[in-house]
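First the structure, in the form of structure tokens, and then the observations on it.
Naming follows writing order (A, B, C and D), and every chain is counted from residue 1.
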Amino acid sequence: MQNTYIPIPMKVDKVVTEDPEKTLRTYDLSFVKNSDLEQFQYLPGQFCEMSLLGMGESPFGIASSPTEEGFLRFTINRTGLVTNEIHNLRQGDTVGLRGPLGNWYPVEDFKGENVVIVGGGFAFTTLRSLLIYLLAHRENYGEITIIYGARNPDLFIYKDELETWLKRTDMKLHLTIDKPVDGWKHDTGFVPAVTEQLAPSAEKAWVVVCGPPVMIKYTLPVLEKLKFPDDRIITSLERRMKCGIGKCGRCNIGSQYVCIDGPVFSLEFLKTIPEAL
Amino acid sequence: MIKGNLVQETKKKKDWQPKILAILCNWCSYAGADLAGVSRIQYPPNIRVLRVPCSGRVDPMFIMKSLQNGFDGVLVSGCHPGDCHYLSGNFNARRKFAVLKPLLEYVGIEAERVQFSWVSAGEGERFAEVVTKITNDVYKVGPAKRLVKGVVSW
Amino acid sequence: MIKIEKSNFVTFIRSLSAEYNLFAPTGEGRQSAFREVKDIKQINSQIQITHNSPKTVFLPQTEILFEFKGDDIQSVQKATKPMFFWGVRSCDARGLNLLDKVMGQSKQRPDDPAFQDPYWKARFDDAIILTLACNEPASTCFCNWTGGNPFSKEAGDLWAVETETAYLIEPISEKGKDFIKKLSGYHTASEKDEQKIKALKKQAESCLQPAVDTKTLKEKLPKIWDDPLWDEVSAKCVNCSACAFICPTCYCFDIQDEGKKGKGKRIRTWDCCMFPIFTKEASGHNPRSLARERVRQRVMHKFNYFWETYGESLCTGCGRCIRVCPVNLDIRDVAKQLLETASAA
Amino acid sequence: MVKALREEVKRLFEEKKVDLVIGWGKGSIPMTATPIFIRKAEDAEHLIWDETCSNNLAVYLTKDKRQLVKTNQKIGIVVKGCDGRSLVLYAVENQIKRENLVIIGVPCSGVIDKKKVLKQTAGKEVISARFEENRMTVEGRGFKTEIEKSEVLSHSCRNCNHPNAPVYDIFIGEPVKTESVGDVYPEVEAFEKLDSEARWKDMVESYSKCIRCYACRNVCPSCYCTECFVDQNDPQWIGKSPEITDTLIFHLGRNLHVAGRCVECGACERACPADIDLLKLNRKISKEILERFNFTAGLDINEKPAMASFCENEKQDFIMG
């Protein structure tokens, strides 16, 4: 019988340091075994448990899109025991991976509609996945608007891609930083304020919000004010996780487990759960 | 020099050599070990040195974790009472050890495995004596089996 | 229903050993537990209910998920004979079924083996559970509050009743039917025996306190989510995990790596929602940092969340937590208080 | 006695001297008292005081319950000798404001450990228990036995030298006359006499029963760190599984953390769901500290804890010569 606790081996193909402080690094991993590659079917919004034998496991959202073949991308912030160790990984090293886990953004429901993506900080990972996915199936979707904020220009991730996205005409990317900095050409202000100011239309639109808890907390009322219906406000939650398959019991919000019922929830649903937000 | 180093005499008979952690304070005992070195005083090569700012820094947990993770003995050495670089670090350490040592013996850890000494920066020879003594002592009681992780299975 | 005279009990038990590893209540007082029995003398049939639930066998406190050396991963699962559990009380048999819903199956991804626990399945799927009716429930027992009964045939593969002279056994599940089919040489129970069972059942039920229906907590608890009552209820709790660890249905666990980089094992070990670190994230943020939130979590999980997901109570009324709680935080009192407050709300 | 206690607490509320009184109430099962929190005069009726009141209530002034102290409420607390010593410890360690506490002492002649009663009944459930002077009558289904109270007295009470709270504002009844018990640590001395192998075996045997539920730590009034060393993960001091060396190092580490601070109330041992004789280690440490430093925890509000002080020329026989 298949043992779901055993991670599959992945090889580190590429390591990119995202910020000058070196707290954020992006890893491109490729499958060591072909059979694993074939079995690994995922959609934007899902996550994996990355495993360093001897150190432990941590969950990370998948930043690559299923439309990009042959590798999986993860961007990892150095905060604890496991992430510290992950930051020591070099090209060619092996890591373990379990997944894909959790649910995904309702990309099928988005079809034919406009999509607004609101992101903050290094939580842009699964949003990148979503964006790449939408762009790969561009004809299926209406307008795509992105509002992406970071504390300062250094803390944006995927800076090269941001540049190319800024140039694209079939989507709108708004970048914002918390406080003005010399030479900054884009918006300034916290994500909720900038969102309110840009006022993306709620007409035939879905909005996906992902970022630090405070940002989500203050952005949701803005979106409601902009008349986005609760069932079309989608967010992704984070909780401490271990098993990732709905068994170990720690990531619950009410009766729902973030690891298996989530991490993607609609605001309509979250409003029924008092401890969710 | 202590004559008749038991370890070296019996080395041929058995392959096992005790592995001992020596936790030395930066200001006295570490300097003492240094002096032993530069003075070319021979002592058993069984110790691994961990330098700490002061014997007062030594948490009993360090000692227990060392035994748990494979050291056969632990030596803690600091400045002589009254000589502490931080004035009272070794007095505090002494109280901790005064409780720790009998407690470990009480639960059945051989007394020889965990020892304490005061060695000053000028006592290179004494450092060698201390290391020789603990090495011989630990050798006599044999490889650590109690409190070693993974020996008693669950 | 077949009848095994107590004089034949030894023969019956011996006949099991060829095909099964036998587990039965052993030990005394706080050391009583289900253990593998090699000698029939180890079985302690005087135990009303074991201090440790049979959970400890199916979901052991600690187990190795796999061992690793370098990048090489070795599963440590070994095939053994299936287990035969003698003398599980109905509350515990029910507990095992509830655990199976979480560990062995997956409500959210029912057909995907990646969401089933292989270690649980290896033990539970082939095991035969004999549910032994509880002739004399303890004063802390309250299975009747949670929809159970000391003579319940709801869970297990076989159901048995102990009389003065014999064990009367009948199958519950398909597995149980197959088991009984293979047995030979035992008499069928008589009308008189059936009468006896009825009398015993009545007597057992009379040991229990009048039932309080905890089912209604399912609807009622969300209404009092923020009620100050939670402060009162959790005031004396010291947040240890004695209740959770002896609970037949608490399944939360932690996954840890032991050893060094390059060589060691990944283990899982029981964890408990009463500990602040249970939910503490690497960033330092803790969604359940207060004692009241953690007590609420445990109570809600038993009496509300599990209902919502699986349509059942996660408390089986075995009463173990009542006996071990160091501060006598009695779950029955908690349930009563909550019901009162919620009904008034 | 109980009546006097209730009257006194009622009076405290009526005179507005307290906002909250922590005491014991009747438990839901035999031989068990439970901590109760009284906020109004009429609830004083729920208070009890007898040999089942085994919890150390001082624990409710620290840990997660710290907010009680922080809010500057006036708290009344009913204490036995050992609980009172915990309060002294808290005062020494600046955990409480003495002026915010109303300490109500009760005379204690020892509390029972119900696990010991269970041993006397061979594990059979006790349905009712009655206490007389020095004995108790327990009844269960199909049995009734009389037990000498001394047989089921908590480990910590057997050689107790401090039955009365060292500091109190009110004392209910007369303080218990203290006769020196003489040999305070007989069981520790007996254990010391065993050989090292036997001691280790005994430790492995008793501590492998540990299920790491941390009930001992959580009911311990002296264990009030906001984050316990077992919960730290970077570095992770202790493995989380009940592997025997991890378990033992947890207990040794905990005991060393409460060295010179343990008031030997025995709450840990009574709370242990696995029946481990936890005081065996605590009392060894207390014995060493008494012999070496002539110090007993929780007696004097002006004395520094043993491990936070030193004498320059104290005995150092354990240092290599």
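The definition used in the following text is that contacts are C-beta pairs under 8 Å (C-beta built on N, C-alpha and C of every residue); 3 or more make two chains touch, one makes a residue touch a chain.
Given the structure is predicted, the values throughout are model-derived calculations rather than measurements.
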Per-chain CA centroid nearest to the all-protein CA mean: C
Chain of greatest Cα-centre distance to chain C: B
Chain centre separation (chain A, chain C; CA means) in Å: 39
Averaged-CA centre spacing for the pair chain D and chain A, given as whole angstrom: 50
Whole-Å separation of chain centres (CA-atom averages), chain C against chain D: 32
Multi-partner residues of chain D (each touching 2 or more other chains): 233, 239, 241-243
Residue numbers of chain A (touch at least two other chains): 80
Residues of chain C whose C-beta touches two or more other chains: 62, 254, 256, 271
All chain pairs that touch each other: A-C, A-D, B-D, C-D
Residues of chain A that touch chain C when the two form their complex: 1-7, 9, 52-58, 79-80, 83, 85, 94, 96, 213, 238-240, 242-243, 245-255, 257, 260-261, 274-275
Of chain D, residues touching chain A in the complex: 233-234, 236
For the chain B and chain D complex, residues of the former touching the latter: 60-61, 64-65, 68, 81-82, 88, 91-92, 94-111, 115-118, 130, 133-134, 146-152, 154
For the chain C and chain A complex, residues of the former touching the latter: 65-66, 68, 71, 73, 75, 77, 102-103, 106-109, 113-118, 121-122, 222, 225-226, 251-257, 259-264, 266, 268, 271, 273, 278-283, 285, 287-288, 293, 297, 300-301, 304-306, 308-309
List of chain A residues in touch with chain D within their complex: 80-81
